[in-house]
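Per-chain residue numbering starts at 1, and chain names A, B, C, D, E and F are given in the order in which the chains are listed.
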Amino acid sequence: MEALISIVIAVLTGCGIYLALRGRTFPVILGLTLLSYAVNLFIFVMGRLQSGVPAVISSRDQYTDPIPQALVLTAIVIGFAMTAFMLVLALRARSELGNDHIDGKNTREETPR
Amino acid sequence: MSHLVIAPILLPLITGLILLLMPERHRMRTHLLSMFSVFALMVISVLLIIKAGRGEFVVYALGNWAPPFGIVLVLDRLSAIMMLLSSTLAFFSLLYTTDEKAPQVSPHFHSLAHFLLTGVNGAFLTGDLFNLFVFFEILLLSSYALLMQAGSARRAKAGLHYVILNVTGSAIFLIAIATLYGLTGTLNMADLAVKVAAADADTAPFIGIAALLLFIVFGLKAAIFPLYFWLPAAYSSAHGPVAALFAIMTKVGVYAIIRVYTLIFGNDAGELSNILLPWLWPLAFITLILGAIGALGARELRVQISWLVIVSVGTLLTGVALNSETALSATIFYLLHSTWICAALFLLTDLIIRQRGDAEDRITSAPEMRQSLLLGGLFFVAAISVIGMPPLSGFVGKALILQAATGPQTPWIWAGILLGGLAVLTALSRSGSTIFWRMENHVVTAPAADIWSVIAILGLILFSFGLMIFGNQVIAYTNALAEQVLHPQPYIQAVLGHIPVKGN
Amino acid sequence: MTDNSIVEIITAIFLLIGGLFALLGSIGLARLPDFYMRLHGPAKATTLGVGGVLIGSMIFFSTHSEGFSLHELLITLFLFITAPISAHMVAKAALHIHLPYVKRTRGKPW
Amino acid sequence: MTLILIILLPLLGACLPLATEKFGRTLCAFSAALGPAISLALLLWHLPTVLAGGSFIYDHSWLPLLGLDLSLRLDGLGMMFGLMITGIGLLVILYTRYYLSPRDSLGKLYALLQIFMMAMLGIVISNNILLLIVFWELTSLASFLLISYWSVQSDARKGARMALTITGAGGLALLGGALLLGKIVGSFNLTEILASGELIKNHELYPVALILILIGAFTKSAQFPFHFWLPHAMHAPTPVSAYLHSATMVKAGVFLLARMYPALAGTDLWFYIVSSVGLFTLVFGAYTALFKHDLKGLLAFSTISHLGLITLLFGLNSQLAAIAALFHIINHATFKASLFMTAGIIDHETGTRDMRRLNGMWQFMPLTTTLAMVAASAMAGVPLLNGFLSKEMFFSETLNLNTSGYLTWLVPLLATFAGIFAVAYSYRFVYEVFFGGKPVDLPKYPPHEPPHYMIAPMAILVVLCVVIGMFPNLTIAPFLHAAGLAVLGSDMPDYKIAIWHGFNLPLLMSCIALAGGLLLYYQRKGLFAFYERQYRRDEKVMFEARIQRSEQLAQQLTEKFENGSLQSYLVWFFGMVIVLGASQLLFIDKLTGSVAAAPVDAVSVVMAIVMMVGAVGTVLIHHNRFAALLLLSVVGLVVSLIFIRFSAPDLALTQISVEVVTVVLMMLALYFLPQVTPNESGPLKVSRDIVIAGSIGTGIGLLCWAILTRPYETIADYYLANAVSGGGGTNVVNVILVDFRGFDTLGEITVLTVAAMGIYAMLRKLRLPPPPNPDGTEHVWAKEPSPPVLMVLARLLLPLALMVSTYIFLRGHNLPGGGFIAGLITSVALILQYVASGNDWVQERINWRYRNVAAIGVLIAAATGAGSWLFGYPFLTTAFTYVTWPIVGKFELATALIFDIGVYVTVVGSTLVILSYLGRLSHFNRHAHIKSLSSGDN
Amino acid sequence: MGWRKLLPHPALSVFMWGLWLLLINDISAGHVVLGAFLGWFIPWITYPFWPESTPVRKPLVVMRFLSRVVVDILVANYVLMLRIIGPTRNLHPAFLTLPLDVQNDFTITILASTICLAPGTVSANLSNDRKSLLIHVLNVSDVEMAITDIKRRYEAPLKEIFECS
Amino acid sequence: MLVTAIPIAMFMVSLAIVLNLWRLVIGPSLPDRIIALDTMYINTIALLIIYGVYQGSALYFEAALLIAVMGFAGTVALSKYILRGDIIE
């Protein structure tokens, strides 16, 4: 299971970074979202893989590590805020630059107004 | 128990929130409240400096949970002086915006500035690595928002690059934190120091990865080669007061590098002792050189000053890389100086832009400025200081760092700092003489600079003067600071030995 | 056979039926020839499948812990309210962009 | 204390002229003279003691931790220079009063002159080498401003910049050298440094320190190859040249040689460097001076030459030579200052300094002519004038070299050669200006004698030349002796200044020089032609070109890195990650740790594949943006399943809610963006990106595997043990969020609020039409805003969703749930209303200012945290209690719940700010669009 | 009208009360009180979103309608599923236009939903004048029959429940 | 009985999810993809519920409920995007 999750994280990271290296705002944001999934999973599994033992105090005596979970929660929220900001920034950039290229390059399919 | 330690975080936070609730039309009221709050913050930082100056650590356990289980704030000499720096910087940057006619300040400027301060001060105070991440995000997001206050193509592009790079950096930050937690099971920096020092040969290399990844994150904030590329565009496209506020942000990166690589991966970190040092000094050196080259080639004053920020980062990290008390002390001294002066220069450039019509701050001939003598005089003084010429603080800072250089890389460091200084001198003499002297015969009809704006710039320059005049007291403080930072055992004991308030 | 095992069998049957319907719905989605036909599988079968599973769960938890466990009903209710609207909305979207349909379809959309 | 006054008085005097300027030029001049006059008086007051071999010391601690102290010492050398600085300074002040045209600000020039004077005095009476450097750099800065006094002239600006750059560079080198000296000696106190000559010279760092300090001295004294700034500094007003470029600024360099003489001189290295630089400069300067047509140009190169002479003398490592050098410093100051003043007078009266146009001036200004002739003769080394005396000493020293080899004959030969040229250019100066025919169209005609007060300073200096030349022992000897004592200490040699030493070799050399000079001048035609052919390069143009070239190079190099391409920046960033990561990962012997891996089940594998297909699919399909968004949602969905699978229901709840809100956001944004990503990356770029992405992905995967197979000790047990007893909740994750690490949560909701504010600010006034299709057509959208079926159902769902939200909120402390998720559910329910019924419709029903809602939420959370202060606990300390009410029964009241309400309110507020303002964007644009359409109709 | 403002949707309130108890899986006194409070509070606060009251008449017809729908869903689904996995060539899809007798948006919504849930039919579109509903049928032999069948089975009872006046 | 039934049921649902993914990837139209995603959400609910029974834990119920709510909201928004482009107007 550890290998499987490692592979999943690896693939997510790779895909995220590949997309983050594209030239248009939208795919880049998609890529960063993928990357944040990978990162969240990475943080999460740092508490090691535990099946069926949520961190809710009950009669069981085995628990999962709650700290990484709390960290992931915070990371998810912050990631959401960042994604939202980036999206609006992408709109702002298209408005100012006339296209959605990350460097504001004028290309064929859209001319600045 | 004293809650003063948390005030530098909560005061700006609450001020920022209240400012959000105030109606936009009450511009002056907003401004006054904002100024009052920053002023109070300045007073608080002075009190904290006095407190920290005694050499004790003030540990504030949030939620009254004993470290390492809860989050702690730790006040030591380093965090105290950094907060003084941030609050003074904020005070003058905000003071600068008093001018009613200034076009740029959007309604949320003040609250965003306060949120930025929250993030900055939080980063300085926290003793918890993940909490550091959270405060980094607060300050980053505030800075994004401040940068994007108003539209322009240039700003949009710079903002996009800045944000995307930093979001990527945050991902790496999280991976590093998670790795550390996954191997040591703790987030408290003092506790991490203990655990990292005790790491065996099996886990140490993986902790090492985290250590180096953290450096990438901090290096991105601090703007070190090859991670600074976002900075010139971002800083130079920001409005003057915003850019001035930004002067503190690279210093947060520098602070984090100092903190983490002395406390956690410092001299006592066992297998991982000083893991950063082989990387740090060459990169710092290249940063210094490329920054100076950038300043030499800049075509706009704003861009040039942004490069000066990079030069100062290179200089600072060179000092850090020397890993000695004298060097660290010199570094902190230089840090204070360079932050104040770069901020003053950014503010000044804003005034220049307003009086130069369409030429803005391009280093070309332009119509005469309305107050060219005043602005030129201020520029001259600030430039002298930033170049590191006497009699201003830059000279002392530079001399201190040169003095502190030891070891085989000394010739490089000397060459870097001295030649960098020469490049900056050449660059600034060109831009200054062009902007203030190469004037066309007519004057742009622009309003005269607001008196408060001038006072703000003067204030920052005066702080630089103060560093020179009270230099000995400052150096005494930074010496003690360096001693404290480079011998982290008392810090660790203070944090891990902290006992919560009874009764909970 | 104890009470417990009877409950288990009933639970198992509901779970299997639910799973089967879910699978069938998805098979429909996967293999039917045009969009409008594919829409039918998920709109009903899957919903029904989940309903089956939820009933299985309800039975299981009502017998394995103190008191009834009826809150699964809420999910069922919710799904039965929303699934049709989802299907309606997607169908409307498909009509808007004039998705093609198989030739033998009688009638014409408007 | 008086020593400080000596330095500071001119500075105080700097303010006076600015203030008195408007009351008249004379008063202005008097006020300017006040400070230096008192300084001079103070110096004279100290004079007897100093002449007797004593010195005054003032010590005040300033920055002892740096080694920079306010330490002053007035000894013979300092006295000699001090008198020169203040004395000539006063003369220059007087001269300036008449020189400067009324158009220019007299006060400003005086102020700058006085600042300069202060710095210069500081240099000569510093007893701390760092303090000396402080003043040293101040002279550079002041001279920069003085040279660029007429800053509208491009040449003045360029000259000033050149001077600043060169002398500034020298200053930096000097700083380096001084710091090295400090390192060697352990002190920056000059007294101590000068006393440690042996220690210094035997130190391994001596060569470095020496070279650095010499660079400082040579740049300031315009020694080859740093000489070229001086001729271009001639764009300064002539009084400035008279002061800076004869008596003071350029003398600072040779002063430094004198000052550091005990510490640095006496070695072979010193000899070879200093004497050869001096020699070359001497010859080169003298040679070049002859060909300059500009009066001040001639004087500038002559100055260079004379400074070379002085340097050469210091370089000879002989005590007598040092004395000669000191002597020549004084002599040069007197005659050169007066000659510059002459040049100024000529310029002032005729409007030109070009010797080809100036002829026969003696007819118009006989007095000036007389004085200039005397001064020029002193410069040429004519007997009975002071220049002759020091030159004789110089010649004799060149003959007494204590080295062997070619230098023994080369040095005297070249010295004579330079002497010949000196005579020639001196003669040329006099002959071509004052005699030799009629002036050629002068801008001002006819010229006449300047005011008496303008001649007076010059006359005083000329008189000094004569007096010193005729009665050296009565006048200059005591000063020279005192200065020599300061430089040479007890090694003072026996020497005698005499006009007549008998017939000897030096006299012969003088005679050769005089005769040869005159001969040379009359045979100059061929030489001038030769010079014009050989030597046509202009240093200023070259320097400017070099600076511009370096600026261009800097720009090109900068743009290599700073190319404005985010992709390139990201590649650098990820490259760093790869390099640093690999630096550790590649040297690991054991990747897999000791902990056994858990078994894999089929469903997990299937879901992992689903997720990876989703991720890879997003990449492959990303050109079709909407489809990519859908595939991304699959990844998000499976992420939440993984959270469930490994016991994190809270995470799953959060993930799934955030996921949907994010997708909605992305769609809102996508509306305004092209629907298709063009194919822009070439195969090279694609493969590069694949390599980067693949490496980092692999690295992270390996790291993850390595960590997961290793044991770790965690502090988790503490939380599990204390969650109920200390935090009052059984859901440990939630207790961590609102209690143990509540501060993180406070930060997190702050982030959310700030994001909302930032987004609001960015969207204000944003006008953005949706882009056309790639084929140029407009999208065809449905006409009807919302299907009624959806509207009805959405409204029905609202209370339901609120109920669920309440449920999730209330149970959060004990079971999965909590304020954040509840807030998102509420937001989604409200967003659904926006989607179904439109902005206006919802706005009619809830007209909250969402921004305020968000802020209030954070305030609630912060206030809850601060509440614990009332009970003497730190921020965010929670309290909880179990309350029993009739009917209701026992339930828990916890401050954490209020905190969580804050979280809830913030989430609702900020999410709605973001979504509703983004939704409103199209609203604005549509209205704008309609308006433009209707106006187009009219 | 005072009580209308205070308790806008009594039926909904009762429904929500039950829902709360269902959610919480607990009928302790505390939750009964809390549920009652929420049952009142939530409809009250969301009142602006749903101001018109939809009085439900004829509970008997409601029950009959509901049971018919449930049976249809269960039984007909089975048949339908067999067709889905069977050869798709035998399916005879059609678009039907259902002329609407019901006028109320709410009733139309319920009808459309019911048609969607009912096996083999999906309500695909509602005309702008709300007079007809477009339905896609997966497999139909007689188009007219299907339309009248739908009208009889679903539209008529709904009209009776919500709209007969 | 339950021990064998649960894996089978889970596997069937997983298979269903794979089929949904298949449809989602190949499309061909956007509505196809939307409905595939929607179905995947619903199948996920089934998977979760079965897993809850398997673990004997009611802690997964909320997640299932939330997936239902969010899946619906998502589908509605996606459809509206195709219809109007502007999902909040």
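Methods note: a residue touches a chain if its C-beta (ideal position, glycine included) is under 8 Å from a C-beta of that chain, and two chains touch if they have at least 3 such contacts.
These numbers come from a predicted model, not from an experiment.
> So which chains are sitting against subunit A and subunit B at once?
Both-contact set = D.
> Identify the chains adjacent to both subunit C and subunit F in the sense defined at the top.
Chains that touch both subunit C and subunit F, as defined above, are D.
> Find the most central chain, measuring centrality by the gap between its CA centroid and the centroid of all protein CA atoms shown.
B
> Would you mind telling me which chain pair, A-F or C-E, is linked by more contacting C-beta pairs?
Greater number of contacting C-beta pairs: C-E.
> Approximately how many whole Å separate the CA-defined centres of subunit B and subunit E?
62
> Would you kindly tell me how far, in whole Å, the mean C-alpha position of subunit E lies from that of subunit A?
Those two chain centres are 39 Å apart.
> With chain centres defined as C-alpha means, what is the inter-centre distance between subunit B and subunit D in Å?
17
> Taking each residue of subunit F in turn, which ones touch at least two of the other chains?
In subunit F, 10-11, 15, 17, 30, 34, 36, 58-59, 65, 69, 76, 80, 83 touch at least two other chains.
> Which residues belonging to subunit B are in contact with no fewer than two other chains?
In subunit B, residues 130, 134, 137, 141, 144-145, 148, 151, 157, 160-161, 164, 168, 175, 179, 182 touch at least two other chains, as defined above.
> If you look at subunit E, which of its residues touch at least two other chains?
Where subunit E meets two or more other chains at a single residue, that happens at 19, 23-25, 112-113, 123.
> Who touches whom among the chains?
All touching pairs, sorted by chain label, are A-B, A-D, A-F, B-D, C-D, C-E, C-F, D-E, D-F.
> Under the definition above, what is the set of subunit D residues touching subunit C in their complex?
For subunit D paired with subunit C, touching residues are 782, 787, 789-790, 793, 796-797, 800, 804.
> Report the residues of subunit B in contact with subunit A in the complex, numbered from low to high.
Subunit B reaches subunit A through residues 130, 134, 137, 141, 144-145, 148, 151-153, 155-157, 159-161, 163-164, 167-168, 170-171, 174-175, 177-179, 181-182, 187.
> How about subunit E: which of its residues touch subunit D in the complex?
It comes out as residues 12, 16, 19-20, 23-24, 28-30, 33-34, 38, 42-43, 45-46, 48-50, 105-106, 108-109, 112-113, 123, 126, 128, 130.
> Touching subunit E in the complex: which residues of subunit D?
Within the complex, subunit D touches subunit E at residues 783-784, 787-789, 791-793, 795-796, 798-800, 802-804, 806-807, 811, 833, 844-846, 885, 887-891.
> With touch defined as at the start, can you tell me which subunit B residues reach subunit D in the complex?
Going through subunit B, the ones touching subunit D are 1, 3, 6, 10, 13-14, 17-18, 20-21, 60-65, 68-71, 106-108, 111-112, 115, 118, 122, 130-131, 134-135, 137-138, 141-142, 144-145, 148-149, 151, 157, 160-161, 164-165, 168-169, 172, 175, 179, 182-186, 191, 202-203, 205-206, 208-209, 212-213, 215-216, 219-220, 226-227, 229-230, 232-233, 279, 290, 293-294, 296-299, 380, 384, 387, 389-391, 395-396, 398-400, 402-403, 414, 418, 421-423, 425-427, 429-430, 433, 436-439, 471-472, 475-476, 479, 500-501, 504.
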